[in-house]
Amino acid sequence: MKKNQKLFLQFGISIIFFGLFGILINNLTINLIRTGLGFNFSWLFKPASFALAEHPLPYTSSDSYAWALFIGWLNSLKVIVSSLILATFLGTLIGFARTGTNSLLGLISAGYITIIRQTPLLLQLMFWYFVGFLGLKDNMFIQIKNIFNISNKGIEFSGLTFSSEFLALLFGLSIFTSAYIAEVIRGGILSVSRGQWEAFRSLGISERKGLIRIILPQALPAIIPGLTSQYLNLAKNSTLAIAVGYSDIYAINDTIINQTGRAIECFIILLFSFLLLNLLITNAMEIINRLILKSQRYS
Amino acid sequence: MEPIVVAKNLSKSYTKGLRALDNVSLTVNQGKVLVVMGPSGSGKSTLIRTFNGLETFDRGELNILGIKIDSTHDERKIQKIRRRVGMVFQQFNLFPHLSILENITLAPVHVQKRRQAEAEEYGMYLLNQMGIDSHAKKYPSQLSGGEQQRVAIARALALKPELLLFDEPTSALDPERINEVLDAMRKLARQGMTMVVVTHEIGFAKDVSDQVLFMDSGKVIETSPPNIFFSNARHERSRKFLNQLDKQ
Amino acid sequence: ATTNQDNSSRLNLIKNRNELICGVSGKIPGFSFLKSDGTYQGLDVDICKAFAAAIIGDSEKIQYRPLTAAERFTAIKTGEIDLLSRNTTFTLSRDSSGGNGLTFAPVVFHDGQGLMVKKESKISGLKDLANKSICVGSGTTTEQNINDAFESASLPYTPIKYQDLNQVVAGYLQGRCSAMTSDRSQLAAARSGFKNPQEHIILDDVLSKEPLAPASDGQDQKLADAMRWVVFSLISAEEQGITKSNIDKKVQIAKNNPQLKPLRRFLGIDGGLGEKIGLSNDFVVKVISSTGNYGEIYERHLGQNSEVPIPRGQNELYKKGGVHISPPFN
Amino acid sequence: MFGIYTSSLIIFFKNARKTLFSNLFNTIITLLIILFLSVACFNTFEWLIFKANWKVVISNLPLYAFGSFPSNEQWRPATWIISLLSLSIFTLYGPEWKWLRKHLLILWVGTIPLGLYLLYGGIGLSPIMSRQWGGLTLTILLTVCSSLLSLPIGIILALCRHSSLPIIQKLSSIFIDVMRAIPLIAVLFFGQLLIPLFLPVEIEIDRVWRAIFAFTLFVSAYIAEDIRGGLQSIPNTQIEAANSLGLNQYQIIQFILIPQALRIALPALTNQSIGLFQNTSLMAILGLVELLGIGRSILANPEFIGQYIEVYVWLACVYWIVCTIMAVLARHLEQRMTINQANF
Amino acid sequence: MEPIVVAKNLSKSYTKGLRALDNVSLTVNQGKVLVVMGPSGSGKSTLIRTFNGLETFDRGELNILGIKIDSTHDERKIQKIRRRVGMVFQQFNLFPHLSILENITLAPVHVQKRRQAEAEEYGMYLLNQMGIDSHAKKYPSQLSGGEQQRVAIARALALKPELLLFDEPTSALDPERINEVLDAMRKLARQGMTMVVVTHEIGFAKDVSDQVLFMDSGKVIETSPPNIFFSNARHERSRKFLNQLDKQ
């Protein structure tokens, strides 16, 4: 293709694109004026006048909407980070079970993966919450010397309390994600050439030692990208908190939209909070990736 | 002379009907070199890999270094055999994330429980023997193919094996690198190492081997001393194969 | 109230379409819920039917559109639905052009937010709920009201917020919360579905006024007028003792007795009242013969013998101590 | 899939003694698992048979299937679902009937207009508005329409992102990255509640179509990335070979790149549509009465209040069965391709 | 005799300082076969790939079939050249998603706009020539390496090229398969096809070539007729290289 032809094509597409964009924005403005909503963010500093069950930082209903949103963002972060750790742990175990030698474990983990992967997360979350945690009933709570309490209100552990909403979300997300992580781990292990297995076997090195010392280090570079995208999915899926009554960023946005009708503004805020979360996760994974590559100077 | 490898009527098939090994029997005595030849897919790799339990078999019996294994594939016996048998692969199969010296010391330290320093010392001695001691701190990817294959040989030697298996050790190498590796293998043979070598290097086979075993479709077609095999092979199939090798 | 309107009223659209699109909740026992045969039922649904009967002349020509709390106002503004008959609280900001820009028809159910607790918990008022968890449905004024109540009493509490009433009920029944809060009608409705309804009590505290009313687009005065008078006709019919079963007889009586002026006007024989609001003159007859009067509707869905019994209380006619009253049909 | 299961089951029982009880550690683990599984199974069966009240499922079956579609017209969605099902069975086990095989793709694409005609009505059928669609029918409709729409869009996006024109490349990159960064529920929220704000007052899009639109936006970004992965894994030598045959840029894209990328991305693509099927359940939160939504509506019936466990278990089964059918179909498709082009 | 390829002072470097091509000049006349030899990395592939524009060059001039190109790399001219020049790669590079016959008819139909039936007929004729017409409906992965390479040759021939380029066409093949392909190439040479062949097959070069060009580090070291090159190469570097090839 000729150079000016290329320029022309790009120019044309840009015009169409920005034209369309302009029309949509124009419609939006007309609609906002028509419905008398307008577009501004000053409401952010008005008192929220709703209470939150969970707030890692002090919060009362007379705090501003902005602060409520920030608390929601922290709540999201909290559930994301903790389920990320739990999911990785579970997923690795299941991934190993799937590639390992105990065929009963292999069979069970295969069954686990198909069941978890083929039912909607939303349903699983509701199941965990309403059946799993709330099913504990009041009378069925386990108590060990006032240090460890389990009831349908949640778990209390030496002063730390985790609400059952948080726990259901944590479990649901972790279990759902672990089924995917298991497949990532398995894929990574399979990506190491058969020759490496044969090489360590022919040196008389045991299976478990070989898996840990020879195979896993080589599988890591193939595992990390898959893991990153699973973590990102997990972060996005955490918005289903709304189904189990956990106050994450999406749920709080939803409440605010109902109270103020500021759908567009709230949507923009939601967008940016997620871009921020994604940035956090990808950067953290990038650092981990670099650390791994650094410790493996060979490639 | 003790027999190091005795195979009796080994048979194996991957897919039903097609035999990768078909009633293979052979004996390799202490200090001898057996070269295995045959067209692609004839079962050479499968055969040699049964010798250290990388491959199971369906029928027959194996006796490696006095340890008997059969089709039940007893993991404990195989582990014992592996500690006393070294293997070198076509694709080197070095561990890319470990340095050359770490590649060599890994098994002595973790399998034979030797001390790190002792293992390293012996490792350096082996690398020196192979003429690559200057690369000890490098990683496999920084070495040429010929050098990598010599590291692989040193790694197999580190466990002080009583039998060495080679599966086409030179066929992944550049023409110019092949001789480096063949020379190292010649040296080992001269030192009295018992070896089973799958290769198509006629020069090497003529030079070093005591017997040449020719396979086709999983069967042993003939076993002859090299001077007879290369000048006057008994079987039509062997002659045809040698012809084709020459033509290139 | 009328202003000069062009002919582009939704009313004509509905008539031409010969079908009314009615926004309902679809998830509230007694008010609107899906029956096993796929039809909707409840008080809100019958109000829809009354509108359809008045506007189109056939109470079956309706499509129901289940709506979430979040989307209900947008649905009106964008014209996806003709009108909303979904437990929506009548408030100033919703009714005003500076707010949500809707117009409300008269209140069809006077409600108030309440609290339900288990009898065995011995909770008897707001005070006993300090530091306890309370299950709340999010996305409505409920959330704000409970907050206001506790804040003004300076009591701390923990709200557990759910998407819809089902979940609130589940959370409460499973013992996640010590109390659930919602409009008292919904509390009663929910309780009626419990295995042992008598084990739960609705506290006397009323946290808010919740007059629930149908709504439509505030810029369409004609439709709003029609809706307003259809609701009044239901109440007025009850006041006059006109029911589904005696409406035909009443029409006969009115026709035969020219001296019964108010009745004749009411039933559309004289006065041409219907035309003034864009409906046929006998719209009241159509409405009452298809749904019955307000009292009948109430009795059908919320009465003592219904599945969701709620005492009429405030929702009685003014004559009987309630607050429902209809302006004269003059 | 089941084939794999049965064969691994056979191997499993053959080797049970050797692998399960080969040492103390394995034996303990095995016994613990068996104990746990039997307790779990016992409790589950006890609940399923004695405690659960399945009336909430049985008496509402037509609702789960068709939503509030008028009952005398329910043969229409039924016909559609049955035709989809029989097409699936045909694709799996159908005879080697060359002509039909060749036109299988067209048949599959053809199910969309058929479905829309049957649902909407029109010529010869009484018209029915999308408000009355619901249940499994709506779930399937959302899945099928959105996945078939997002495939071509995804391909175009992938090619744009692959292109050498900087503006086009940037625009599509931004779209793809933003879509992949935000949660699906936010996109659906946008589709349901914000799209009307971006349209002129007189234009109104049905909310089923708004949902399909939102799903398409979201899924096409993911599909674009899958296809881009496929494009990147095509070795450069393929392009060289095509170049040295004198094919031009567009011909290379059309004949070499897209077909290969599609085949490489096929497993990822089928996973996307299975994921999409599950994710349609999010529409329940946004007020559509698809499968999960209808379940929640049924729970509001005073007759069934509080029976949510039965409903959730039942819905999980339905979702699982349909997903498994889809997965088996996908696996079958992949196998047929690998038979044709091993190592590809 | 017309010259088909004329290269004048071609130079190219990928990385600064290191020349992949260094002042290469050569001529190939109609109907002649030029064999290019040289150690790995000497620039053979780079050279041959400039002939159909797969590789640009930094300085010098090329004249292919009368079409002149220079370092500006005029796309239109290169497209013209490609329609008249066929190329066969080391790794076959068949299109895996197309059947054998589709692989062959793709370019004639879409580049030369021939009718499908006509292209298929000619394609079957070429496959017949190569002895693989029975595989026409199969897919590349179902064929052995030797068969795949013959399909690649047929694909290159389908455009009725006036010049054929081969880049190590046999080095990815099993020893037993090499001759199938070399025989097909011999046939083409005898039919008078102009060919440039990068290969290390001495037998083939002796048999078929009119000239052997030897390269090292991007430079042309010598160009001699095969009888002289293989028995009595002029340059020390060439002799050393030939020695190493022999040793294997």
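Labels A, B, C, D and E are assigned to the chains in the order they are written; within every chain, residues are numbered from 1.
By our rule, a residue touches a chain if its C-beta (ideal position, glycine included) is under 8 Å from a C-beta of that chain, and two chains touch if they have at least 3 such contacts.
Predicted, not measured: the structure shown is a model, and the values here were computed from it.
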Graph separation of chain B and chain C (steps between touching chains): 2
Labels of chains that are neighbours to chain C and to chain D: A
Intersection of contact partners for chain B and chain E: none
Farthest-lying chain, centroid of Cα atoms versus that of chain A: E
Most central chain, Cα average position: D
Most extensive contact between chains (C-beta pair count): A-D
Rounded Å distance, chain A centre to chain E centre (Cα mean): 54
Inter-centroid spacing, chain E versus chain D (mean Cα positions, whole Å): 48
Computed distance of Cα centres, chain E from chain C, in Å: 85
Set of chain D residues in contact with two or more other chains: 193, 196-197, 201, 285, 308
Chain A: positions in contact with at least two other chains: 130, 242-243, 263
Residue list for chain E, restricted to those that touch at least two other chains: none
In contact (per the touch rule at the top): chain pairs: A-B, A-C, A-D, B-E, C-D, D-E
Interface residues, chain E side, partner chain D - complex: 52-54, 79, 82-83, 85-87, 89, 91, 93-97, 106-107, 110-111, 139-142, 155-156, 159
Touch list for chain C against partner chain A, complex: 69-70, 73-74, 77, 97-101, 133, 138-140, 143-144, 147-148, 150-151, 157-163, 167, 170-171, 174-176
Interface residues, chain A side, partner chain D - complex: 1, 6, 9-10, 13-14, 17, 24, 27-28, 30-32, 34, 101-108, 110, 114-115, 117-124, 126-127, 130-131, 232, 235-240, 242-243, 250, 263-264, 267, 270-271, 274-275, 278
Partner chain C, residues of chain A touching it in the complex: 35-36, 49-53, 61-62, 130, 134-135, 137-138, 152-153, 164-165, 242-243, 245, 247, 251, 254-255, 257-259, 261, 263
Interfacial residue positions of chain E with respect to chain B in the complex: 39-40, 174-176, 178-179, 200-201, 203, 244-245, 247-248
